[in-house]
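The chains carry the letters A, B, C and D, assigned in the order they are written, with residues numbered from 1 in each.
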Amino acid sequence: MAYEHTSERRIEFSETDMAGLVHFSNFFRYMETAERDFFEAIGLDLINSEPGSVVGWPRARAECKFSAPLRFGDTIQIHLAVKAVKDRALEYQFRIFRKNPDGSRTQAGKGSMTTIFTTMEPDGSLKSSPLTESIRERITPAPEEALARPLDA
Amino acid sequence: MAYEHTSERRIEFSETDMAGLVHFSNFFRYMETAERDFFEAIGLDLINSEPGSVVGWPRARAECKFSAPLRFGDTIQIHLAVKAVKDRALEYQFRIFRKNPDGSRTQAGKGSMTTIFTTMEPDGSLKSSPLTESIRERITPAPEEALARPLDA
Amino acid sequence: MAYEHTSERRIEFSETDMAGLVHFSNFFRYMETAERDFFEAIGLDLINSEPGSVVGWPRARAECKFSAPLRFGDTIQIHLAVKAVKDRALEYQFRIFRKNPDGSRTQAGKGSMTTIFTTMEPDGSLKSSPLTESIRERITPAPEEALARPLDA
Amino acid sequence: MAYEHTSERRIEFSETDMAGLVHFSNFFRYMETAERDFFEAIGLDLINSEPGSVVGWPRARAECKFSAPLRFGDTIQIHLAVKAVKDRALEYQFRIFRKNPDGSRTQAGKGSMTTIFTTMEPDGSLKSSPLTESIRERITPAPEEALARPLDA
């Protein structure tokens, strides 16, 4: 039963804006990197796209608090923790850390996201579904400790 | 004294993802379209970028609830309303509406954003500043009615 | 029979990078704005996405020469002209102009794009198709004059 | 003296579009990943952003031919090779390969980019500069063999 994952990536030039910092909308894209890696680590498909049917996780809500800027070339770590497993939804906490040259870490952002397990009907409409057994067997809410734990250097 | 603005734009192909819908991170970029137009309408520069100095509005927090999908080609309206004018910050509410072929509107998202009035120091550090008189003379919090009012068809 | 179209849009903050200019990859996204508007103007669907079938125009080649920078807030015009109508492909020329405060225009980029009329098979593979009659009745190559004509101020 | 570099990365969900494939504009962003890593490997700053001065490499031209689609979750390799070292410019070749589950590689794109060594003047104008000794000591054109060599599996 898994409840957390940490991904690492570099900041790309195209992710900065004219203020010289990472554009804030990209923090939400970084969250998705950790979500993809989390699903991969536990052996689940994040999106199931077959002709006539797409099953995935549209977002119901996303939020982020920004506490330190990120810049081109920075290496970041994105920590995902499962806050809640609902009947038809998952709720995540995300924390984004910048790795500093001295080996320390600075928290750059903290956010959350609620995603709904959804089937896209043939007519294009979206319909939520109960989480499958396969999902319930693999994902469990994180203990309080994991939500607050500082990332190891 | 201004407290709201409505912008309109079309959904671009590059803003969709493989689920066939607008990627949720773009809702935050749509908010910025209304922010730019609001500042323009009241005669203020959103960002002041001169050699050795950048003054702008980094985000402290952003949040969005997604209630209906947006698709390629949709025309959307983005309504900005000022929720609060703080000592060194502005807090906005955003609502994003899809214009339907029959003339009605569907609310696709509702969000908020807190932005900090900030000077970027020569050493690259960020320092918040009190709002200027010029800003205070132009921006005021929206009355309760404006935050909830449905957009006119 | 149509062979050209001009679209207009504003530069968004999120389209800039830390050099203070529009990131060059966005020029290719601006081309798509004109392509969407061109198809709309002549009454054709750019992409036909039904359960079990997607018919669209993947790109075979794209190219752009950059002659002047674009900045946040600029208003641009994107001129599309059809260079060639092939058996299974269309070839476009794009020119991107910045509207200056004095009413003049500065050419910021000139590019081209070749797109292939394509059906996505149920197994996910892509298969090119001959242009339909409906397309051939509406789109024709631009005369030499239209490819070089300066945009009217 | 360096003339090539290979970078590796994963495809993100936000990089796909409603056709289910990576949006073509992202191929140009992948090229930048290899450019950043190439400069880093040879100990040069790709962009030098100090108060009152930005020195970098705006693009004069970019081009890509697309030969195979990329999809969410794919691992790609981006091979940069220096085609030419000019007085004030560098010309690169890029090839993008998808790593297949069986260990083979499929070429998804081949492109080129010309970048101009540029100083941004205090008034915002751009001015090209001769390549510095530091650059000339580190970067040399790739031999013909390196431009065509298949990537090792």
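Methods note: contacts are C-beta pairs under 8 Å (C-beta built on N, C-alpha and C of every residue); 3 or more make two chains touch, one makes a residue touch a chain.
It should be emphasised that the depicted structure is a prediction, and the values quoted were computed from it without experimental measurement.
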item	value
Intersection of contact partners for chain C and chain D	A, B
Rigid-body rotation angle, chain C and chain A, from Cα fit (steps of 5°)	180
Centre-to-centre distance between chain D and chain B (centres being mean Cα positions), rounded to whole Å	33
Where chain A and chain B are represented by their mean Cα positions, the distance between them in whole Å	24
Chain B-chain C separation of Cα centroids, rounded to whole Å	28
Multi-partner residues of chain C (at least 2 other chains)	13-14, 18-21, 25, 29, 47, 49, 72
Overall pattern in which the protein chains touch one another (line/ring/star/complete/other)	complete
Touch list for chain D against partner chain B, complex	13-14, 16-21, 23, 25, 51-53, 71-72, 122
Of all residues in chain A, those that touch chain D in their complex	10, 12-14, 20, 29, 32-33, 36, 40, 46-47, 49, 72-73
Touching residues (chain side chain C, partner chain D) in the complex	18-21, 24-26, 28-29, 47, 49, 54, 56, 58-66, 69, 120, 124, 126
